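So, here's a batch of structures to check.
Paired with chain B in one complex and with chain C in the other, chain A is shared by the two complexes that follow.
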Partner chain A sequence: MGEAVLQVGELDVWFGPLQAVRKLSFALQPGEVVGLVGPNGAGKSTTLLTIMGMNQPTSGSVRLGDRELVGLSPETIAQLGIALVPEGRRIYAEFTVAENLRLGTFGRRQADGLEADLAWVNSLFPIVDEFRDRPAGQLSGGQQQQLAIARALIARPQILLLDEPSLGLAPTIVDGLFDALAEIRKRGVTILMVEQRAQLTAEFADRSLVMRGGEIVLTLAGDEPLDPAQIASAYFGA
Partner chain B sequence: MAARRAWELIGPVLLVAAVGFVGSLTSGSMEFQFRSVLVIATIVVALHVFVGNSGVISFGHVSFVVLGAIAAGVATTPAEIKARSLSELFPFLLDLQLSNIESLVLAAVLGGVFAFLVGVPIMRLSGLQAGIATFAVIIITNNVFRNWDRIGPAARALGPIPETTGFLQATIGLVLVIVVAYGYQRTRMARMLRAAREDPAAAQSSGVNIYRQRLLAFTLSGAMAGLSGGLLAHLLGSVTTEVVFLDLTFITLAMLVVGGIGSLWGAVVGALSIAGLNAFLAEAEREVGVFGFDIDLPSGTRLVVLGIIMAAVLLFRPSGLTGGRELSWPFARRGRVAPGG
Partner chain C sequence: MTDLIQSLVDGVALGSLYALAALGIGLVFGVMRLINFAYGEVITAAAYTLLLTKDLNVGLRILLAVAVAVALSLVMEFVFRPLRVATPATMLITTFAVSFLLQNVAVLWFGTQGESIGFLSDLNRAFEIGGIRIRWITLVSILVGGAFLAAIAYLLDRTDIGLQMRAAASDFTTARLLGVRATRVIIFAFILSGVLAAVVAMMLAVQRPLATPTFGFFVVIPALVGVVVGGLDRLLSATIGGFVIGFATVMLSDLLPSQSRVFLNSVLFGLVIVVLLVKPNGLFLRGAATAERL
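And then the complex of A and B:
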C-alpha cells in the first residue's frame, strides 16, 4: 500500500439526536475505485457530503494528502481537487449544456490543459458537445447524468465522488455509464462512489465498503466472488 | 449566436430609447411622468443586478437610492441656501459644491461603498433571513437620515436641487445601467452567482464562493442604485427621506416581479410598464382627462391597483410577464428535442 490520497479517520456525524456516521475510518489509494454500498440510511451519502465539506462532522478527520479538510468550505475543497457529482445530478436546468460545463471549470486549479480535457470529456460523453447550446433541462435523465459527471471532470479532480450515479436510469444506460467510469478510471482518477446496486458496484470497484448504521460492516475485494448470504447479512444484520 | 446575444442588449436599449423619444414629445406633467418612468426603471435594473442574479430578495436597495439622492442633492444645492436652511450640516458638506455629473459619480460611489459595508455581514445570509436583514437596513437608513441633520435635511426637504435630469440624462442613465447590467451578466462572476441561485450546494461543489459573488453583485447593484438616487434627486428638484422609503421599495420590487425577476429584459419591461401605470394612476388620483373622459380616482387607488396586479401576476404567471427570460432573437428557429436515453 502506498501513501493514501484521502484518509478518513474516526469520523462521527450527528444530525441533532441522530448519529448518521460512527467512527468511520477508511483510506483511498491513488487511482483506486472504492464503492460505498448499503441500505438506505446507512450513512453513505452523509459520508460523501462530509468529505466535500457540506456537513460538518462532530469529530474525526478527513485528510487530502497532508491537508486537513474538516472546517474548510466546499468551494475550497473543490479547488483542492475533489469533485462531487451529487445525487439527482443537480445540473442547472435553465443553463445550456455548455454553460453547465463551463461552471465546472471554476474548480480547476490550473488553466492549462483545458482544451485537452474538454476534448476528452467530449469524447467520453458526445452529447455534451452535440447538445452544447441546448438548455440542460431538456436532456434525458441519462444525458443529465453524463453532463453532471462531465462537469465534475472538467475541474480535473484528483478524487471524484459519485453519489448514486445510476439512480433512476434504465439498465442499458447504466451499462454505458459504467463504461464511461471505466475510461475515467484509466486516467488515474481516484473514485469513491455511493451506489444502491451492490453487485454491480462490487464487481466494478477495487474494493467495496458495505455500510450499515453509519459503520463499515464488511469490506469486499473486487476480485473476490460475491457471497449473497454474506452481503444480505451485512445489509440487514445477522 | 453573437447576434442573438447582442439582441439581449439591443432590445431593451431600443425600448428605452423609444420611451425616451415618445416622452420627449409630451409636455407638462405627462412629460415629467415619462422622465420619472425612466429614472424608476434605472432603480429596478440596479435591483435586478443583485436580486435577479442571486435569487435573494433585497428590501434594502432603496437605502442606496436615498443615500445617492441626498448625496447628489447636498453636493449640488447652492451653498448660500445650504448655509441658510441646512446650517447644521457638517462644514465640509456646507462647502461641498459639485457639478451635475460629479454629483452622480459621487452618488454611485457612495451607494457602492455603503452596499459593500452592509453586504459584508448580510451576504452570509440566505432566503428569508437575508430579506429581513435588508429590510432592517432600509429602516435604519431612513431613521438615520430622518433624524441626523449633520448629514442631510433630516425631516425637512432638501433643495432646491438643480433639475438636470431631462430626457437625455434620464435615458442615458438608464441605458448606462442596462449596459453595465448586461456586461456583468456576461461575466464569469455572474455565471457563478446564477449557478448559486439555481443550486447553492451544486455551485459550492463546483468551487463557487457564494458569499464573495453575492457581495460583489450587491456592491455593484448598490452603486447603480446610488446613481439612480442621484438621477432621482436631479429629477425631483427636492428630496425628503419619506419620498425614498417604503413606497419606492414596494413599487420597485413589484416591477421586478411583474416583469420577471430573472432577466434584464424582465426588469426593463416590468419597470417601464408598471412605472407607466403607476404614473398614470398617480395622475388619475389628481384627476386626468383621457379621450374626453375625466378620471378622478380616490387617494390610495394607485397602490391598491399595483398590489392587485402584483398578486395576479404571481398567481397566473409566477415567472413574470417575460417568463424571467431574456428577449429572444426574433429570427430563431425552434430546436429539436433531445432524443431520450
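And then the complex of A and C:
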C-alpha cells in the first residue's frame, strides 16, 4: 500500500454519556472508493462529520496527508480539499440552483480551472445547468441529490464524503446516481460513502467497512463474493 | 387633505430610518441568531462622535461617526463571540447588560442633560410644493434610506459575501461545511450594521439635535418592534416591519388627539406582545423558518 490520503486513527467521539465512535481507525488510499455501511446509529454520520471538523473527538487523529485536521474548523477542512454531501442533502431550497452551486465554490483551493470544472459538473448533471434559475426546492429528490453532489464537486475536492446519497430515491434514480459516482471515480477522486444499501455499495466500492456500535466489525473486499450470512451477523451481532 | 399628505411624507421619512435600524439588527440576527439590544448604543456612539467633532468640517464628521460606529460594532462582535454557542436567553441578557453598561458610561462622560449636536441643522428648513411644507431632512432621509436599502439588497443578492451571509442565515452548519468562513461572515454583518447605525444617527441628529445617553435606545426599541412584527428570520420583512412602525408612529401621533398620544408606546408594545404570542415568526411569514445557529 502507498501513502494514504486520509488516515483516521483511534478516533473516539462522545455525545454526553454516549460514545458514538470507538477507537475507529481506517485509511483511504488515493483514488480509492470505500463504502461505510452498518445499521442505524452505528456512528457512520458521526464519523463523516468528525472528519469534517463538525464534531470534536475526545481523542484520536484525522490526517490529510501530513496535516492533522482535528481542531480545525469545518470551513478550513473544506478548503483543504474534503467535501461532504451531507445526510438529507441540505440544499438551500429558497436559493436558485445556480446559487446553490456557487456556494460550493467557496471550498475551492485554487481560483483557476473553475470554468472547466463547471463544464464537467454540468455534463455530469445536466439539470444543474438546465434548471439553473429555479429555486432548488422545486427540484425532485433525485435532482436535489444531483445538485448536492455537484455542489460538492465544484469545490474540486481531493476526497468526497457522501452520506446516504441514495436515501429516499427510486431504484432507477439510484442506478443513475451510481453511474455518476463511477464517472467521479474515473477522475481520481477518493470517495468515502456511507450507504444503507450494503449489497450495492459493496459491489461498487473497492472495499467496504461494516460499522456497528461505533466500531468497524467487518471489512469486505470488493472483489470477494459476498456472504449474506456474514454481513447479517456483522449488522446485527451474533 | 394637505395635512394627510404632510403626515404621509413624514411617515415615510421616519419609516426609512427605522427600516435602516431594523436592517442593522436583522443582519446580525441573521448570521448569529443574536438580538443585539446594544445596537442603540452604537447609534448613540455615532451621535456623540458628531457632538465631539463639532468644530471639524462635515465630511470629516461623517467619516469619524461611521468609523466610531463600525469600531464599536466590531468590539461588540468580539465581546459576543463566546455567545455563538450560548442559549438565546444568555445572549439576550448579555446584550442587555452591554447596552446598560454603555448607557451608564455615557452618563458618566456626558451627563444626562443632553448637549446640542449641531449637525447639518440647515436641513430642517422647509420648501413648499402645492401647499405642503417639506423639510429638506425629510427628503434626505427618504433618499438616503432608499439608497442604503437598495445597496444592501444588491450586496445580498449579487455578491459572494452576500450569498455567504444569506446561506449562513439560512443554514450556517451547511454553509461552513461548504467552506464559508463563519467568523468572516459574522464580522461583515457587524460592519454593515455599524455603518447603518451611523447613518441612522446622522439622520436623527439633524432632527433631534440633543445627544443623550439614550439617543439610540429610543430608536432601537421601536425598530425592534418592527423587526419582531416583520419576523426576525427574514431580512426583507423585518426591514418592512421597521418601516411600518416608523410610518405608523407618525400617522398615529398626527391623527390621534394629543391626550391619547401618550399611550402610543404602550400600544406599540402591546402590539409586539400580541404578535409574539399569535405569530412568533412575524406577520408576513408563511411557514416556520428554522435556521440553525453555530
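Keep this in mind: the second predicted complex is superposed on the first by the 238 of 238 C-alpha atoms of A that agree within 3 Å, B and C clash if a C-alpha of one lies under 4 Å from a C-alpha of the other, contacts with A are read in each partner's own complex, and residues count from 1 in each chain.
Following the convention adopted for this analysis, a contact is a pair of C-beta atoms (placed from the backbone, for glycine too) under 8 Å apart; a residue touches a chain by one contact, two chains touch by 3 or more.
Small disclaimer: the values here were computed from a predicted structure and weren't measured.
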Fit-or-clash call for chain B and chain C when the two complexes are aligned on chain A: clash
Which of chain B and chain C A:W14 touches, first, second, both or neither: neither
Which of chain B and chain C A:R134 touches, first, second, both or neither: first
Partner chain(s) touched by A:M54 [first = chain B, second = chain C, both, neither]: both
First (chain B), second (chain C), both or neither touched by A:A155: both
First, second, both or neither for A:Y92, with chain B first and chain C second: both
Which of chain B and chain C A:G107 touches, first, second, both or neither: both
A:P74 touches, of chain B and chain C: first, second, both or neither? both
Chain C versus chain B, contacts on chain A by residue: B
Residues of chain A contacting chain B in one complex and chain C in the other: 52, 54, 73-75, 78-79, 83-84, 86, 90, 92, 94-95, 99, 102-104, 106-108, 151, 155
Footprint of chain C on chain A - complex, ascending: 52, 54, 73-75, 78-79, 83-84, 86, 90, 92, 94-95, 99, 102-104, 106-108, 151, 155
In the complex with chain A, residue positions of chain C that touch it: 160, 163-164, 166-167, 170-171, 173-182
Complex contacts: residues of chain B adjacent to chain A: 1, 188, 191-192, 194-195, 198-199, 201-210, 335, 337-341
Touching residues (chain side chain A, partner chain B) in the complex: 52-54, 73-75, 78-79, 83-84, 86, 90-95, 99, 102-104, 106-108, 127, 131, 133-134, 138-140, 142-143, 151, 155, 173
